[in-house]
Every structure is written in structure tokens, then in C-alpha cells.
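Shared between the two complexes below is subunit A, which has subunit B as its partner in the first and subunit C in the second.
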Partner chain A sequence: MAASGSVPHVRVDLSSLSNAPKEKLHLLPVRIECDGAAKVSQYFTPSIRREDESGGVTSSFRGRCLHGLDLDVPEGYIGMVLKEEAKPCAEDEERVVRVKSTFSALTCWNLETPPRPDDSAVKAMNWPTVAEAVHAPV
Partner chain B sequence: MEAALLASGSARLQSAVPGVCRAEDCCLGIDEAGRGPVLGPMVYGICFCPISKREQLAQLKVADSKTLTEDEREKLFTKLNDANDFVGWALRILSPNEISTGMQQRSKYNLNTMSHDTAIGLIQYALDSGVQLKEVYVDTVGPAEKYQAKLKELFPELEITVKAKADSLFPIVSAASICAKVARDRSVKSWTFIENLGDVNVDYGSGYPNDPKTKEWLSSNVDPVFGYPQFVRFSWSTAQVILDSKAVPVHWEDDGKDGDKKDTPSVLSFFEKKTVDPKLQSHRYFTERKLVSIANL
Partner chain C sequence: RCAKKTRAHIKSNMQNALFLSLVLDEASLYLFNSNASQIYEVKAFDENYHSWFIGQSVQSDGRLLFVTPLDPLFLVLPYFLKATEQYWLVDQIMKDEDFPGCSTLLKCPRTLQSVHHIADEKEIGDQKFYKYSQEKTLLWLKKKVKQTVKALKSNNLNVGGGVQSSTFIRSKQAAEVTEEDYLRYAHGLLSDYLPGALSVELLKILGYSYFRKSYKPNINMIIYFPYKSCRKRKLTDKPVEAEEDYTKFNSDSKDKKSSKMTAAQKSLAKVDKSGMKNISAFFAPKNKGPS
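Coming up: the complex of A and B.
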């Protein structure tokens, strides 16, 4: 968390925020060795089935069963997908990331079992509440 | 039948139960179609009729579906449907996605067990529909004796015969095999992709791994990220081999847990100099939530 003197700062180019499109986001429990566009709307979105009672969703990826849950980004916050267009030439140079897209909700997927309250992505959403309390003037 | 077959999901389809099957002692045959293919569903079929009408069924000239042409099978299926005053049938379609996800589950659900469970479900369906079942004939999946013992334990009141090649020995099993094969063929021929693939090439052949058309289709329709649409059985080695070479690698959290010791660190690593100052390490609260400050990208 604490950035030491030798670590260069990362700056978010906020001017890119206003033009950033809003996108649907899926967090998959699999590491895909690929960084770039994927045909999500052709392959993945149509395969999503909504379970009746629980509000959960099911789908599959490469023939493995996934269970998902829609998570809202905490109120007062927006989700941003950041992209570093160019790596700096020198190690101590400032790094700039651009807002590629924004999201207000994401679907968090688990392998074969529905996401639980103690899954990292689900738990991560309570940080803003904790942060507010931690940073509030005493 | 058509509409339900076109759907990519799993389904059960059935004829009406003839009144005479609820009144008289019946025999029932079970067979499957589409166990080997890398594409499309596997279909389980049952056919039943009164034991007294067995001769009448044989007169329809039903034979093992594998010895018949597609045309002949279609004609026989029509004949079976026309004989609805004494013959009934039911089908259970296991979608390719159900097969892929089952076989690739953490606790593997293998194809034989899937087959057995499906057959059991169909026998139960016939009983629940009031068919006066007495004799059951099954084309075996796996060792016949074990399978027979399993079925006998579940249905002690039934006389059960599990045999290899039952589809050529017993007309009622031949009839079941025709129903299953017709359904499998129709389903593969007119497959509706749930994916939005646009003008997808549908020249995929029979779906058998040794069919050159199927092979060609599998190697020219790989998506680097998703691999294939759900029409393909991902659990088949034919598909896996092509994906390994043409799609990007993916890593699951349970990868390498089957006796693979790759995760064990080398002894030497315990003596290495730690490069990260533990004081600068994130608190457990953040690591547990996979939260990192943007300054440390």
C-alpha cells in the first residue's frame, strides 16, 4: 500500500473518463493467457442462464460449469477498467493509465459452486464502508 | 418432437403411453445413440409394448439401428409412431454441454455413470407413467454383469437382462435404438447454436472424431478465447488436442491437483533472500480481497 520513494507514481488520466463506454463485466475463475478483445457477446452472454429463486446465474467456459452472482459497485463509486497504453522507457518515469471503460456492476463467476459471501470479490465490496470509517475524522 | 429437439439443452421427449401398456404386462428396451461423437448430444431411448404384442413388434421389421440407413431408420420411426396403439417410447437427450461439464467436474461424472443414471431415470419414468413393466432389456454400457446387478438392486421387482449387442438380439431394444438414433441425427443435422455466431459453417459432418469433415470443422472453427460453441464436447481428447494447439492456454484454480506436484516450492527457495520488505506488504485484509493500490500496479 505504501509507495516507497523508488517506486514511480501511477497517474490515472481522468480526461479519458468522460469518453469511456460503460460495459458489462465478467470476473471468471480462470486465468486466460490473453490480453485483448474477446467475443463475449457472441460466445458467453447468450449462454448465461438465470436461475429462478436465488438470483444466481449459470454458464460454462471451455466446457466447465460456472455459477455467477451479480455484484453492484458500492454506491457513490464507479468501476473503471484501466489500460496502460505505453510502458515508460525508464523505471523511474511516471506511468499513465487511461480509463478504457466503466461499469456499475459486474458478474462474479465461480467454478461449479455459487459465489459465497467470503469470496474475495464479494468481500472486496465492503472496503469503501471500512475506508470511510478508517479515514473519518476522529 | 421437432421443436424440442432443436433446442440445444437437455430434454426428455415422449410419446403418449398406449392404454394397453397400463393394463398388460410389458417389456421395455433401452439403447443409446451418439456415445462416441465429439459433436452434439447423446440420446437415450426406451421403447415399450405389451409382452403379448412382441410378435407384432417384430413384424414391423425393426432391426439394430446401426445396420440401417438413415432413410430406413426414419421410416421405421414413423412405423413405430403409427403403432401407437401398443408401442410407446421416451427419449432423454443429454446435451453436449451437460456431457462436457459433467466429465470435467471436480468430482468427475464419467460417461458410463451418466449413461446408467439416464437409463435408470427412463425406467423410473415408465413406471411413474403407469406402464406395467415386467421385463427390461438393456444394451450394456461397461461390464454387463455389474450393470445388471446395479439395475436389479434398484428395481428388484423387474426382470432385467443386460447384454452386449442387445440391440440386435431383442426387437424392443432395436426399436429403442431406432428412436434414439433418429433423434440424435435430427438434432445434429438441425443444431441451433445458442451462441450468436452469425453465418457459422454447418458442414461439420457426422460428429464422429474420425469423420474428415468433423475434424476439418473442429480445426477451422476455434475461437482463441472461448474455444468452441457448446455444440462441441470439450471433454473429448479430439477437441482438447486442437484447443491445446490453436486456442490460448487457460489455467483453472484446480489445475494440477491430480497428483501434480508442481506447486511444491523447491527446498532452495526457503534459503533465498526475500526481495520484498515484509513491512511494505499489504495487510491481510487487502490480500484476502485481492485489493491493490493503484500506485502498485
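Coming up: the complex of A and C.
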């Protein structure tokens, strides 16, 4: 993109989108100070129990009970996990992030109480609808 | 290790664009598609103590980014506010020595197509001149409020009976919500993109005083805020030295000998901490009314 001058910018390479695999996403109510591989399907996924048809699920993590809710990515949107594969060598070099994977839903987990409509993660999913109304031409 | 990983929702009709640019300056984060024909705003859902499982991996950064279309008029408005007294060429208005990138906004066709909403136009020869019009701007904003109210209603989004109730709830108690609640809520959403004085004027023409506590969002979203942060922090195209060591909050900058940081990293560090604010922070002062 021209005209941004020397303002450093990051390019999102969407050509990587078509090959990107779909992945399951879980938003956990804990801070895990770690980035990298984790045996999610071995230790976390098997403990997930579907409670009812409303999308409610339960699970446990490090001995704590978790209540979850499946949230769809808002209509007209896609979920993407972006990753920067290589750090630029020079300061003014363009940075590129690629689409690592995509998702169309995520599971939002709470401690103690099941996620409710007024939980911020659940509410956040309404933001695109609101934003479109605010920003549509009049 | 240093990979920056984020999640973004991007409108699926963007797929035909080859790439998107995430423009990072230290004040805000916007996204342009490849020919700058549409500008997007990037907002982060960011709550403490959240992390992700993504497939078979763990990601400590529990943020979720939302990429939504942005009306470019909100971004050119601060420049047009100064175009009073006489008519100016658009290139004279959209001039910012501190931020040469601002002229990119003119590449978005929607900008010039809609600029008549905020300015009087005069055509001399084949050149167009503009002068800011508050009257037109308020009329435009009033239409925006109406449009937003309509969407809030039709999507059954709860605007929470005024004060304490949290916003963005889908609820069946819509009957208790008054028209004023909707208007004030929509006004609050729009005020995010407006200078304070204009926000006050807008509320006036909607017929409300400023003193009732309006729109108190309970949503823990961090905004890459277009207008206010621009004013607080001068935009610049040069690498900026951080006033504070923001990098200490940045989990990926393990090597804190920050002289080794690239300009991009510096900008990132700044974007992370200075341009973003908790959404509720924007509303606290407004409740005190116009100064």
C-alpha cells in the first residue's frame, strides 16, 4: 500500500487464507503464561461434556470446573488466526502476517457460572452489527 | 517465539482483496484493503486473565480482534474542522506534516463521495473547494444516530435502561427501554469518533441535556481510537522513542535492551499500550457535562 509513507505497517497476507486449516478455539478464563504446543485434544477436549441443546458445555482445567458456551463468528465474518512467521531484519522493512488457521466458532469458558448474554465475550460478538450501523453511509 | 499472533474477524467479502495492510502508528490501528478502497477499524476484545487454546497449541495473549468497516468521514473530520472562514482545496485541508499518511484517506472513494455531509462545496473551474459546515455535520450525525437506533432495535440489542444495566445484552425486556435510551446509547457510540464539543452539540439537537448519565458500556473492549488519541499524541512517521517503557508489558519483548528494537516493534509496543483504551474510559469524563 502506498502513501502510508514510512509509517511502519503490517501486511496481512490473505493469499494464505485459502490453504489455512480450520481449528477449534477455546477462550479460557485463565492466563496461561506459555505459547506453544499443548496437548489439547489429549487432556482438555476429552473432558468436555455437552450439557444441553443451547450450546452449554462443561469441562475441567487443572481441577477447576469450567462452564462454556459455543459462540459463532458473526454472520458475514470469518475468524482468522494470524501469525508473523519471520521478524523483519531492518527497521523499515514491511512486516507480514499470514493466516495460520481459520475458525467459524469458538468456545468461551467461564469459571463457576455458565457464560451469560451479558458476559463481555458474548456481548463482543455483537460489535460487528453495531459497528456496521455506526459506519454505514447515511 | 516472537511471533505475533492475533485473531481477527475480517469481513468475508474481503477475500478477493489480495492483501490487507494493517497500518500501525502509535496512536491507532487501521486496516486498509489493497487499494485503500475501504478502511477498517481494529478493536480488541481484551479481558484480563484470558488465554487461548488454538488447535493443539496454547496462546497466552487472550485478545480477540474485530475488524469492521470504518466510515472514513470520521477520520477526515478533525482536519475539516479547521477548514473554516474560507474555501480550501481538499489537499490543503488534508495536510498533516506530522502524519503524511493522512492523504491516504482521500484514496478511499467513499471519502470524497460523502464529504458533502460535513462541508460546503464550491466548484471553480475543474477544482472543488470545501468549507466546514457544522450545520451539515450535525445533520449527518443525526442521520447516523437514527440509523444506529434502527439497527439496535432490529437486532434486539439491549441498550440497558440507562445507567447501571450493562450494554449489548440481548434481552426480552425491550419494552422497558425508552426511545431516549436508544438515542443516548447511539449518541454514545458515535461520540467515540467525535471531538467533545461536537458530541455535546449533537446531543443538543437530539433534544437532550448532557447531564444524565448516558451510555455506560460494560463491555471490556479496547479501542484503537481514531480521534482523541490523534489529538493527544502527535502522529509521526518517524520512529518514536517511548516515554515509558511500554515494552515491559509486552510479553514478547523478552530482551528489554530496547535500543535493539525495530521501529515497527516500538510502534507495536506503543499501539499496544497507548493508543488503546478501555472503552469505559471514554465515557467517564463526559458524564460531567460540557466544560
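Basically, the second predicted complex is superposed on the first by the 123 of 138 C-alpha atoms of A that agree within 3 Å, B and C clash if a C-alpha of one lies under 4 Å from a C-alpha of the other, contacts with A are read in each partner's own complex, and residues count from 1 in each chain.
The rule we apply is simple: contacts are C-beta pairs under 8 Å (C-beta built on N, C-alpha and C of every residue); 3 or more make two chains touch, one makes a residue touch a chain.
Since the model is a prediction, treat every value here as computed from it, not as a measurement.
S.K.: Give one of first, second, both or neither to describe whether A:29 is in contact with subunit B, with subunit C, with both, or with none.
M.R.: After superposing on A, A:29 lies in contact with both subunit B and subunit C.
S.K.: In the superposed arrangement, does A:10 touch subunit B (first), subunit C (second), both or neither?
M.R.: Both partners, subunit B and subunit C.
S.K.: Looking at subunit A, which partner touches more of its residues: subunit C or subunit B?
M.R.: C
S.K.: Quick check for you: in the superposed arrangement, does A:63 touch first (subunit B), second (subunit C), both or neither?
M.R.: first
S.K.: Which holds for A:128: it touches subunit B only (first), subunit C only (second), both, or neither?
M.R.: After superposing on A, A:128 lies in contact with subunit C but is clear of subunit B.
S.K.: Which holds for A:39: it touches subunit B only (first), subunit C only (second), both, or neither?
M.R.: After superposition on chain A, A:39 lies in contact with both partners, subunit B and subunit C.
S.K.: Looking at the overlay, does A:78 come into contact with subunit B only (first), subunit C only (second), both, or neither?
M.R.: Second partner only.
S.K.: Check the residue A:136 against both partner chains and state whether it touches subunit B (first), subunit C (second), both, or neither.
M.R.: second
S.K.: On subunit A, what residues does subunit B touch that subunit C touches as well?
M.R.: In subunit A, positions 1-4, 7, 9-10, 12, 29-34, 38-39, 41, 44, 82, 84, 95, 97, 120-121, 123-124, 127, 130 sit in both the subunit B and subunit C interfaces.
S.K.: Touching subunit C in the complex: which residues of subunit A?
M.R.: Per the stated touch rule, the residues are 1-15, 17, 21, 23-41, 44, 73-74, 76-85, 87-88, 90-93, 95, 97, 100-101, 103, 117-118, 120-121, 123-124, 126-138.
S.K.: Which bits of subunit B are touching subunit A when the two form their complex?
M.R.: 97, 100-101, 104-106, 194-198, 223-227, 229-230, 232-235, 243, 248-254, 280, 282-283, 285-286, 288-291, 293-297
S.K.: Considering only the defined contacts, which subunit A positions touch subunit B in the complex?
M.R.: Residues 1-4, 7, 9-10, 12, 29-34, 38-39, 41-47, 60-65, 82, 84, 95, 97, 111-112, 120-121, 123-124, 127, 130 of subunit A touch subunit B in their complex.
S.K.: Along subunit C, where are the residues that touch subunit A in the complex?
M.R.: That would be residues 1-15, 17-25, 31-32, 34, 36, 41, 43, 45, 47-62, 64, 66, 68-71, 74, 99-101, 103-104, 107, 110, 114, 117, 140, 143-144, 147-148, 150-152, 155, 157, 166-171, 186, 189-190, 193, 218-221, 237-239, 251, 262-264, 267 of subunit C.
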